[in-house]
Amino acid sequence: MKTKYFIVAGLLIVLLALVTSGQAMSQEKRVVMDRSQVRELNPEDINDWRGKTVMIFAPHPDDDLSPAGTMAKLVKNGNKVIVVVYTTGNKGSRDLEMTSERLAQIRKQEDIAANKILGIKEENIIWLGYDDGMLEYVPEKELCEKVCWLIRKYRPDAVFCHDAGTDWMQWHKTDHRMSAFITLDGARAAAYHLYFPHHRIYEDLQPFTVMDYFFWGSHEPNYNVDITDVIELKFEAACQHVSQFGKGNFKYTGPVMDTEDKENIRKRYMRKGPDGKMYENFRRLQGSRSF
Amino acid sequence: MKTKYFIVAGLLIVLLALVTSGQAMSQEKRVVMDRSQVRELNPEDINDWRGKTVMIFAPHPDDDLSPAGTMAKLVKNGNKVIVVVYTTGNKGSRDLEMTSERLAQIRKQEDIAANKILGIKEENIIWLGYDDGMLEYVPEKELCEKVCWLIRKYRPDAVFCHDAGTDWMQWHKTDHRMSAFITLDGARAAAYHLYFPHHRIYEDLQPFTVMDYFFWGSHEPNYNVDITDVIELKFEAACQHVSQFGKGNFKYTGPVMDTEDKENIRKRYMRKGPDGKMYENFRRLQGSRSF
Amino acid sequence: MKTKYFIVAGLLIVLLALVTSGQAMSQEKRVVMDRSQVRELNPEDINDWRGKTVMIFAPHPDDDLSPAGTMAKLVKNGNKVIVVVYTTGNKGSRDLEMTSERLAQIRKQEDIAANKILGIKEENIIWLGYDDGMLEYVPEKELCEKVCWLIRKYRPDAVFCHDAGTDWMQWHKTDHRMSAFITLDGARAAAYHLYFPHHRIYEDLQPFTVMDYFFWGSHEPNYNVDITDVIELKFEAACQHVSQFGKGNFKYTGPVMDTEDKENIRKRYMRKGPDGKMYENFRRLQGSRSF
Amino acid sequence: MKTKYFIVAGLLIVLLALVTSGQAMSQEKRVVMDRSQVRELNPEDINDWRGKTVMIFAPHPDDDLSPAGTMAKLVKNGNKVIVVVYTTGNKGSRDLEMTSERLAQIRKQEDIAANKILGIKEENIIWLGYDDGMLEYVPEKELCEKVCWLIRKYRPDAVFCHDAGTDWMQWHKTDHRMSAFITLDGARAAAYHLYFPHHRIYEDLQPFTVMDYFFWGSHEPNYNVDITDVIELKFEAACQHVSQFGKGNFKYTGPVMDTEDKENIRKRYMRKGPDGKMYENFRRLQGSRSF
Amino acid sequence: MKTKYFIVAGLLIVLLALVTSGQAMSQEKRVVMDRSQVRELNPEDINDWRGKTVMIFAPHPDDDLSPAGTMAKLVKNGNKVIVVVYTTGNKGSRDLEMTSERLAQIRKQEDIAANKILGIKEENIIWLGYDDGMLEYVPEKELCEKVCWLIRKYRPDAVFCHDAGTDWMQWHKTDHRMSAFITLDGARAAAYHLYFPHHRIYEDLQPFTVMDYFFWGSHEPNYNVDITDVIELKFEAACQHVSQFGKGNFKYTGPVMDTEDKENIRKRYMRKGPDGKMYENFRRLQGSRSF
Amino acid sequence: MKTKYFIVAGLLIVLLALVTSGQAMSQEKRVVMDRSQVRELNPEDINDWRGKTVMIFAPHPDDDLSPAGTMAKLVKNGNKVIVVVYTTGNKGSRDLEMTSERLAQIRKQEDIAANKILGIKEENIIWLGYDDGMLEYVPEKELCEKVCWLIRKYRPDAVFCHDAGTDWMQWHKTDHRMSAFITLDGARAAAYHLYFPHHRIYEDLQPFTVMDYFFWGSHEPNYNVDITDVIELKFEAACQHVSQFGKGNFKYTGPVMDTEDKENIRKRYMRKGPDGKMYENFRRLQGSRSF
């Protein structure tokens, strides 16, 4: 019943949004529209989602930790999570013996292990394979097309990525900057068949409009997800990234994390809010006002 | 008399600005200066402008709607308005039968019709012809030079464009981002003869300093223009963009807007403020502190 | 004694920072770490610095004036200041007789003279030689590598540059924008040996982590330096930039500044705060939370 | 028996080539080498090939006609032919009513039909989807990587492409120039695992060395293939490209070629050599001397 | 009568060419074709040309000297010559006092004076304004579009440019290389309306096919023009380029060439062939086989 | 005495060349010319050179082997040889255990060892540090400037590099292509002070004209150097490149070359000409006709 209510509310919202952005259409016309163009809004409460497809766009193989609790919950509720990782993370080590090819291999395994704990299968992780720290120097149009292609292919009900909002300017790794922008740019391009039209001509990939965005790392969060009951999963996932957190970043000795480092991670993750619960915060942008 | 007052005030402001930015000069020296270097500031109240040249830089053929009411007023008062449109808008349709060449042609006609209603002639619209959605992927220096050339050619008393301020980061089409920045960059380059010096060598285009900017779409507006008496013109102009607003975006059937769609647009445009009037809001930046 | 206190406090802060960012390590391990990886934080009070190396990254040959008072103090206290100037400033003249090669030569001499007054030697000024106003159009990866190389070479205890924060968006010369970002990007790359690994392979340049940033031109300053006792030096340094401030920008007649122009500069520089002192303000970012 | 002879001869040649290029190895060591590194040379006579995989890299959807006779023969003999088409050919029409999206669709169908006649299945045609005439303006490194990936994926016994030799300089469409070079560059990169190493890390794509190249359009042909018995297939394939040859290029009216145009094509294709046979000529480059 | 003969012959040739390249059409159909698509070939003998439009594409302001004799003859016979100069030539001086802006101005005047002698008016010289020696680093697609636009605008009966053939590889200034290629690339793009379609949409510039190319500096010349009777004009034109030839390149002292330098130029220009005549040699490419 | 003869002859040739290229000057004027502009030509016979500075530009750390015999002779005769290596060679291994950082280190040591045998000191090897196989994707203008800077810095009497002539087109590694062109382009830029003028302004690097080029790998060699008496040195130098020639390319096991591989290399190097001698062949380009 709650679900039904949200569907109705969602439809009202999407119609309102379309009207507001000057793309209104009469209700009786909707049935003849292409199926990709008009869809119900997602339920407001992410806990009510079932059977949804969610995509995460992470610049490095450990940035998917940011929304990891939310992902664990979504998977438990029968939603599908696709993780897109822009770079191989092949520079992020202070171990002077480490080489870039070896680091890429280590971090791939770490991320697979971490996602497995969250319930995300290896085949749902997509590796774009760019060099760590170099994402801003990749030809943008080509990168935009890749994101566009992925969006048209997987047609996600929601997209999670870094916030491209104002705050990141103060200090941001270049890859974070780029991933924040290009994810939005690619997603927007996906909505119109005349962008990269060969996707449709050669692969029958139809346009698709993302209707729900969740930005992590935002200074203007407007949506919280209670992850108290999955915090242990998130903690365990974080502990897979041995090459990144703790001594492994200075001297990598294998895929098992040092006890002391684990303890430090635990302390960071177990910070509770005033209500004794733990949250992941997002800036959420729903509807199509963005176009 | 009011005008006179503003001229005096303006001169004081510009001198103050020049002093502040370390570019002061003694008043008796001014007569020998190049005419392009020192000009009076525009009257503070845009309603007092006569015989001014104003340039709008719009990323798409309908973005010139944002300051359309202000433009209508300026034209009525005997000012000249030049509209520069960066892209052809050739991707912005959800009509799966639409092609990019056809859409470019349709939107050109829509924008000509819209501007005609505002009193802006077709010969005052300059089409740069870039692909819609691809402005960020255009070589920047070349684009900057084109803007610089246009500024030196038309020597506008004011420039209107998207706000390149902080807010746009949260969500902005790539073209909006790029047009906001490149308009400012090109305008700044125009002020110094050593940028793109062949403009002066081959075409005798002298340097020119823009002294008055109006940014639309800003979250920090500091200047309002009452457009109540031209709101019908603005509304009619908007209704020319059939391919963009309403059903025409989903299925284009010709250049006349559907009644229902018109009604929706009217509702959006007729929102009045607490004082019963309608305004266009800008962030205005006057003087030369920017250099 | 105060110094000692700060060392202890600094160590606590850096350890905290490392823990927070997941890169903690046990204290007994630290001795075996590479010396470049762990260093004490700088004293909180910049007046307490002795024997430090500080780098300024300035887009133009006069932008190093922004922190000039602070630099004068640092030099007096026995610290070393390295000035990196991105562009030659070869466009910044309204004198229609000026040519770009000549302007580059003039501004080089102006900047050498200005820095000499502050106590910074000519051999500590590094000229990257880019064209004024064109820094955003330089290949970014190559520029990033140059900054990275300089950081690894000079291993600065602190870096001063334009603020890459949110505010600059409203109005910023393109070179300022680019210098703000690329300084941070290059400095970050310097911290990991796998970025531009040939630096280490061919020149034995080890990775280096910048632990203290001071951003000038920020709207969110959090650190003030009292420059009252060196304000005359700063003023005299400013007066060397004859081609930039006052009549010399409109008609360059030689390296001695006009009396009237000097007076205008003096007025600007001598603005005192409520406490009768003069300050330079920075946004300071200390520790390694940025990684 | 002839085959066996060629295998022996081929092995001798490849060993010689490896020795010559300084990459010799003792025969007893070969068994421990990675299987991708050492392979027998193809039979000298292409008519003797069975079970081989051949890749064609064509800039436009009709350039695969150049070696079409040879392809028809190879397919008949049980070899697999993969056609890679760089661009959509979406500019190549003089029909002023034609649009680029429509032309791309038409040419896709034409090429599928043409290849079907030669015995090449639709699923063996790979469309890279670039804009016609713009291949030289595509980021080269990205394009090189795509070719490299395809080579590693399909591991062809021979590659056919435009000649990158000296002659093409006199007159060559830009796409031909680019496809000639980038095919070689990508194929060379494919041979070493350290180029684009993420192919191996993420997709287990092992390095692969192309050992046999056939360049069409060469002024220095050194290898002829008698296509007399498949000339009708080639002719029929050519006649599928209605939008390109004859009146369809000036006014496209549908997928059936005009009788007169067919007659003209036939005349061109049926030119016999002095021996009464018809040939396709190639510059062939066999072995690994190229590295 | 001779003219008539050539028209007939030319028509036969162009038809043959079209047939050969698969673009034949029946003669009765030609009247309905767009006028831009089918034109008569130029007379074989350039001395027979009347009322033709010829375009030269020169990388530097003195490269138009290469075909200067031919141009003088064409102008005398009532043809129109348009000179396009890619760069300002602003680097080509060994005079250490010279600056780039000043050199650009000097060379502009030299080229105007030289062309005036040949009968080419200042208004028929088009300056693209690029930096000398930097043409290869200009964004190619944008440069290609500019050439394409010029071709569509002026619709030349013949194009003269550097040879993009094989020989130039051995030693060629980068600008020569680039101008040779990009002239051909832009001219080819001009032939199809779907390249840079906004030319047609916004400016009604129709596609245009260049049918006659003359390449200078070729090692495979196939066409000679007897310039004996205009050699004095060519010599005088060369003598205008004081900043380039002789002492003026080492120390520029004004626009009048030194007597000794003139004598040296005369010696070079007055070299006669075995038949006592002087020629300009070209590789000529006529018809549309190039497409 | 022979030397003297060559000096006179050389002077005549250079004067002739200058006259021919329109840059003649009277002999009495020469003393006032900048010293960098006019220099004697090198002796025709390279065996007569003493005290010369020679620069080699090699794309990979083993390409300097091509002129190794000639270098050994030059060093013996008291000339200085500077080796510039564009890339680290960090991709050129078929050893699947090899990583790029390790390969760069190995090849650096190999090249140092090889050059030591030839008499070239480690401090005379300049490593530009680019990624192997990626030289064509490096921003060209930046690369050109680096070569220009090196030429102005070291002021070589002769430059050795790959041939940029016609032949390389048939098959050339991309790095070879790029190094051939960019070496010439950078060397040409070095001759004019207005290219990269900051070299002169900031570092007092004066323009310099290369007067003698030797291209290896040419199909049009016109100059032979008898290296019979240094062939053992060249052979030993080659044997240092263990990671490249022979089994070390497939499985690197350390810096000592396998006996069998050495034998293969010996066979290749000891090929004698009909006169029983061994030669290195070059296409030589002397004088300034190239400008």
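To keep things simple, chains are lettered A, B, C, D, E and F as they appear, and every chain counts its residues starting from 1.
Operating definition for what follows: a residue touches a chain if its C-beta (ideal position, glycine included) is under 8 Å from a C-beta of that chain, and two chains touch if they have at least 3 such contacts.
The structure displayed is predicted, hence computed values, not measured ones.
Shared contact partners of chain B and chain F, listed by label, are A, C, D, E. If you take chain A and chain C together, the chains in touch with both are B, F. Pairs B-E and B-D differ in how many C-beta pairs touch across them, and the larger number is found at B-E. Chain B and chain C have CA centres that are 36 Å apart.
One inter-chain figure worth recording: chain A and chain E are separated by 56 Å, centre to centre, where each centre is the mean of the chain's CA atoms. In terms of their C-alpha centroids, the spacing between chain C and chain E amounts to 51 Å.
Touching of two or more other chains is recorded for residues 99-101, 166, 169, 194, 197 of chain C. Going by the touch rule set out above, the chain pairs that meet are A-B, A-C, A-D, A-F, B-C, B-D, B-E, C-E, C-F, D-E, D-F, E-F. Partner chain D is touched in their complex by these residues of chain F: 90-94, 96, 98-100, 103, 132-134, 136-137, 166-167, 169-171, 173-174, 238, 244-247, 249-250, 260-261, 264-265, 267-268. Across the interface of their complex, chain F is touched by residues 19-20, 22-26, 29, 33-34, 37, 140-141, 144, 164-166, 168-169, 181, 184-185, 188-189, 191-195, 197, 207, 220, 283, 285, 290-291 of chain D. Within the complex formed with chain D, the residues of chain A that make contact are 88, 101, 104-105, 108, 127, 129, 138-139, 142, 194, 196-199, 201-202.
On the side of chain F, the complex with chain A involves touching residues 99-102.
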